[in-house]
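Each chain carries a letter (A, B, C and D) given by its place in the written order, and its residues are counted from 1.
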Amino acid sequence: MQKRKWRMGMVGGGKDAFIGAVHRRAALMDGRAELVCGAFSRSPEKSQAAGRECFLPDHRIYGSFQEMFAAERRLPAGERMDFVVIVTPNDVHYPAAMAALAEGFHVVCDKPMTTTLAEARRLELEVRKTGRLFCLTHNYTGYPMVKEARDLARDSRLGKIRRVVVEYPQGWLAARLEATGQKQAAWRTDPKHAGATCCMGDIGSHCENLAEYITGLKIKSLCADLTTFVKGRTLDDDGSVLLRFDNGARGVLWASQIAVGEENALAIRVYGEKGAVIWRQQDPDTLIIHWTDRANEIRRRGTGFVGPAAAAATRLPAGHPEGFHDAFANLYRRFYDALEATAEGRKIKERDYPDVHDGVRGMAFLEAVVRSSRSGQKWINL
Amino acid sequence: MQKRKWRMGMVGGGKDAFIGAVHRRAALMDGRAELVCGAFSRSPEKSQAAGRECFLPDHRIYGSFQEMFAAERRLPAGERMDFVVIVTPNDVHYPAAMAALAEGFHVVCDKPMTTTLAEARRLELEVRKTGRLFCLTHNYTGYPMVKEARDLARDSRLGKIRRVVVEYPQGWLAARLEATGQKQAAWRTDPKHAGATCCMGDIGSHCENLAEYITGLKIKSLCADLTTFVKGRTLDDDGSVLLRFDNGARGVLWASQIAVGEENALAIRVYGEKGAVIWRQQDPDTLIIHWTDRANEIRRRGTGFVGPAAAAATRLPAGHPEGFHDAFANLYRRFYDALEATAEGRKIKERDYPDVHDGVRGMAFLEAVVRSSRSGQKWINL
Amino acid sequence: MQKRKWRMGMVGGGKDAFIGAVHRRAALMDGRAELVCGAFSRSPEKSQAAGRECFLPDHRIYGSFQEMFAAERRLPAGERMDFVVIVTPNDVHYPAAMAALAEGFHVVCDKPMTTTLAEARRLELEVRKTGRLFCLTHNYTGYPMVKEARDLARDSRLGKIRRVVVEYPQGWLAARLEATGQKQAAWRTDPKHAGATCCMGDIGSHCENLAEYITGLKIKSLCADLTTFVKGRTLDDDGSVLLRFDNGARGVLWASQIAVGEENALAIRVYGEKGAVIWRQQDPDTLIIHWTDRANEIRRRGTGFVGPAAAAATRLPAGHPEGFHDAFANLYRRFYDALEATAEGRKIKERDYPDVHDGVRGMAFLEAVVRSSRSGQKWINL
Amino acid sequence: MQKRKWRMGMVGGGKDAFIGAVHRRAALMDGRAELVCGAFSRSPEKSQAAGRECFLPDHRIYGSFQEMFAAERRLPAGERMDFVVIVTPNDVHYPAAMAALAEGFHVVCDKPMTTTLAEARRLELEVRKTGRLFCLTHNYTGYPMVKEARDLARDSRLGKIRRVVVEYPQGWLAARLEATGQKQAAWRTDPKHAGATCCMGDIGSHCENLAEYITGLKIKSLCADLTTFVKGRTLDDDGSVLLRFDNGARGVLWASQIAVGEENALAIRVYGEKGAVIWRQQDPDTLIIHWTDRANEIRRRGTGFVGPAAAAATRLPAGHPEGFHDAFANLYRRFYDALEATAEGRKIKERDYPDVHDGVRGMAFLEAVVRSSRSGQKWINL
């Protein structure tokens, strides 16, 4: 059993952020960690305000991540933060993560991991060099029924996988929201902060990660068509990709931010020779399973009919809905287990949270998608 | 008002057929027609047996369509069939339809219309030349809520269309059913009877037709990936297509016969600048409508909240489910209206059933899909 | 095999009727019968108009059922109608059915069978006396997945039945529609035509019939609360009933015509010791099955996973929706089988269509409901 | 803004408890409180073990609530707990709450509030006398779309309410689980711990609370039928209730713990003259709204189309599912607001969390249900 609460710091996640508060709730939900410090904004005033709302003492609220890492480094071991959570726009992920690792801190980082594949590879090297833990918050893998789907797809129960359909439609950028000053829209549509892609980077990357997580297959080649529908926007707000996997399976991946009336309708369907799994993020406690030899099945989180991984990722009885926060908290739960093992010098058997290698994979996917979209050639290898 | 029942003949549709009985039910459901003759099978014995089950007198049961057209031609006008329904495997559509037109009969023909684009064009010419009516049974366009979707998408209510996602997953050919002698599977997977494609021809063609019917847009170019997953099979049993429409909209179309546990899960989603429509064939009385300025809407067949086209295509009060037969019967209903207008020398204002031009369009799509799938070039123009 | 088409006559079902056209479509859909005569309205002009729309010759269109039965009686056996379909308002069911039976015709009659229990019992006697066939169109029992539910509930698979919840909400009478002259509303809310109850008689009776049909249990006692919400209306437009079944099972039955926004949302849930079945009329091809020892199941019409009764009641492959007409046609299909057996002097093994005994049972239920609603006593025996 | 974290103590909620961990997560999720002490079990060893898992220092882990209240009372104000959360079996609620109030602590208490109406009334008096805050965790009222339903039902938008249908089916007690030693089942089925009712007290009480919360109406009289289906069990495991509300509305309420395959399928449907709302706990982010003058609506949490109360109760964007924990946390959020107001001597405008008066109302309902079930009289006044 864990001996004390883990001490968490945060970079980003100030007032206008959405994902910072999510991380705090998810990280704190099980009472295994406490927030001890933060550099919540580039603006010291805003950082102060955010930190005080979290009941932090003023001296643990910082104006920059550089300042924070240096100051925390100097604190006594019994007080110093254990790990940092990076929840800034994409372009700050890389410098903040590199600095944290260099100062000896474990890192939890939002996705996409970096803005280029080259950065992703350098970060991978740094993680290996420093031996620090690195968790990339591809949060959808934290849902219990996603784990159930993975366990069904990866062993022989579905048979050889043939077809994958994964999609992530949203409608919130159907008009030019960034022109109104909405901060979430502003940085995501700005190549300086977001990198080479908006829609694919923000949500298509979850599709790629989820498809490979569930199937255990690797995308081998792809053919992409990115579009910018809203006038005045630079980056893609919609895209479709044909996929070929390393085992011969075929797939379709599409993501859109202009799909009017869609919320976060991430969904995946995986068809094998003997069965299929269908999962929808907006109804996350349900996994529909198809079989060739019996009627389709509604498998539900919390019942006695799920496998051990799904059961272990569950907090509530069946029918008391778990949601986004609970799934997110599952990544933290596994990250804390790893912290504990590390603290005790134990080997971690199974990590089961997305890490720096997933981040590299994601950036390779995004670069291939952008390249393919500009190309007249049909298939681009990943 | 129609003065008498239309007299219908049938080519194909014997005992092992699925679609012949559907046509008979749909054609007869409203009591506006009667079956008077048929050449139900290449085997005279089977044709006899099928005809007797339909209570036809023996002399109106024929051993071939050639025989039937010739014999019916000679009957007095008050007895002779008015139109013929062709429900054979694909390769017989063309010769039977050409012969029927040449003998002066109106034609209802199953889809895909022919096995090649060249045949389709010749048939189009023959229809023009003979002035006979020709209905192609792209039956999904007969659903009331498909008509509602079309009316919303084609006028300005959804705004400019941006994205179309259309899919038709089935699972019935996930194993090699054709090897068991199942007739439906046997001819569909046999290039001699089916033409150059199985999955795309049989069900992908419905996707193409539905997308263009609802949006009023034309597919301009496409990029396809057809696959044969089941060993020993020659034709495709799965395929995905990226689409670009003539107004700049983008789309994804996929169809599969190896999607285990799927039945006839045809579904279409059309996203415009101001709204979206979502329709699923397995829940056909419901149209989900998204709006940018208000909550999503569940529009239902039979209520007071649908437009005139959907209302006119409705037989039952809301909540008493209409289904496949009812939608199919709507094609016949409009075809009978056209027969009546023709009989009275009236012009038909709006035909609203798929015709020979839709058939040509479908074959052009299928030829482009097959060509694209074999090509290393990304986009193929239609 | 049936040797000829059955000859059908109709009483009621003129222009403003809803259910007459349904009966014609359902009766004719399989091509096993033909409409040969009718008395479609009390008004000879309206009867003529309706008959001509059905392409009947003028001499087979009658001004009253009395006239029709007498005239048809005198026709040669090879021409005369075989059976009559009674689709009038409730109060005409009894006299028309009694007259038809007396003249030797088989009868298909809409529900509720009569307006009083006493009439129902006299009709039961007359059916027995004449030996004619009598089919009461409790049409919901015709759905394939209702038969599947029945087969699961009646053998040991669900275990002893404990709880039944059956409901039929509609919203079409939420305002005083009858005041606008709408005919369907007018006669249903008028005690002279409808009998002692509106809502319970029209739709609650379907709940009772469905619950007993599926479970094979009998309602032993009940406690009812009927209400009239709309001012100016005499009969109930809403009602709830507590049920006790003969095996000790408990239940709730409710029906409403003022449930705004509901269409024909008939639904039944039956819970046993080992399993449960859930069926909803608006999604009729689906039966949800619960088990104590495995995950919940989505059983679908047309798949290989249904029992023989459901399979035999099916016309279309899975995923091609069947609907109200198809289920209705299943009653006619079984009725024709019985006509055939009768014609050939064969015994009918299993009738599987609702008959005069179901009608008596329904009237006993309705009388108990009305009595209970007026009583201060909790339980009333059926 | 709140100046410091609220200090929370807990009575009950040890290892085998389900609801204790839920309360901790919900109470801590927003970082506005911290757990400082607890008496988690009657067994000091179990209490120690549970407290250490929560990282509490040994001297703040107590062997009984009496000991805890006394000890905490003596701690300096800056250290002492502010409020206590009571999450024991039902029979301890009353003594623990009375003692906490007497010692000056605010109370959060699980439902049903007490085991008798008499206790409930004494507790109500004590709350009034001490002036302490009392929150009763009828947690379903914390869901944003429940608040939306309430706002629609309580103002004139739905028109006068006519019919309410509320149900809570579960299947977990379909067999005699309590005989296996499962603690959750054991105390709930034991009159010594649960009081006079099991099923109605545990989940039927949520139905009553939800119905009155949403409609603003009061149940005036009822007619109940409680049953015990599982042999060897003393208390009810199933029950149905007819309802009459003070405005003339009628209703049905049913709850069951033997509804095989059901999880926590709490659902409510409220029909008014002009509209209706339908909400299901297992899909909590969705509210279906019916209207007489337009198509049915899918209103979703987090969109721009919900009212202020639902919006204020929301943490995540639409489509990122909120769940049971989030709704539960909304009660704590409002309770903390009230604590803050109390600390600052401010009046609380709107409390919006269930309080001691709801508890009295609930116990009155339960006593009436038990009394009615034993009575031969139809209606019992509340």
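Operating definition for what follows: a residue touches a chain if its C-beta (ideal position, glycine included) is under 8 Å from a C-beta of that chain, and two chains touch if they have at least 3 such contacts.
All values derive from a computational prediction rather than experimental measurement.
A.B. asks: What are the mutual neighbours of subunit C and subunit D in this structure?
C.D. replies: A, B
A.B. asks: Going by the average position of its CA atoms, which chain sits the greatest distance from subunit C?
C.D. replies: Between subunit C and the rest, the longest centre separation is with A.
A.B. asks: Whole-Å distance, subunit A centre to subunit C centre, using C-alpha means?
C.D. replies: Centres of subunit A and subunit C (C-alpha means) sit 55 Å apart.
A.B. asks: Please tell me the distance, in whole Å, between the geometric centres of subunit A and subunit D computed from their C-alpha atoms.
C.D. replies: 34
A.B. asks: How far is the middle of subunit A from the middle of subunit B, if each middle is the mean of its Cα atoms, in Å?
C.D. replies: Computed value for the inter-centroid distance: 44 Å.
A.B. asks: Among all residues of subunit A, which ones touch two or more of the remaining chains?
C.D. replies: 262, 289, 296, 300, 303
A.B. asks: Quick one: which bits of subunit B touch subunit C in the complex? Just the residue numbers, please.
C.D. replies: Interface residues on the subunit B side: 1, 4-5, 18, 21-22, 24-25, 28-31, 35, 52-55, 170, 172, 262-265, 281-285, 300, 302-303, 315-326.
A.B. asks: Using the touch definition up top, name the residues of subunit C that touch subunit D in the complex.
C.D. replies: It comes out as residues 162-163, 165, 167, 169, 171, 174-175, 223, 225, 227, 229, 238, 240, 242, 244, 250-252, 254, 256, 258-262, 269, 271-276, 290-292, 296, 375-379.
A.B. asks: Once bound in the complex, which stretches of subunit B touch subunit D?
C.D. replies: 288-289, 294-300, 303, 305
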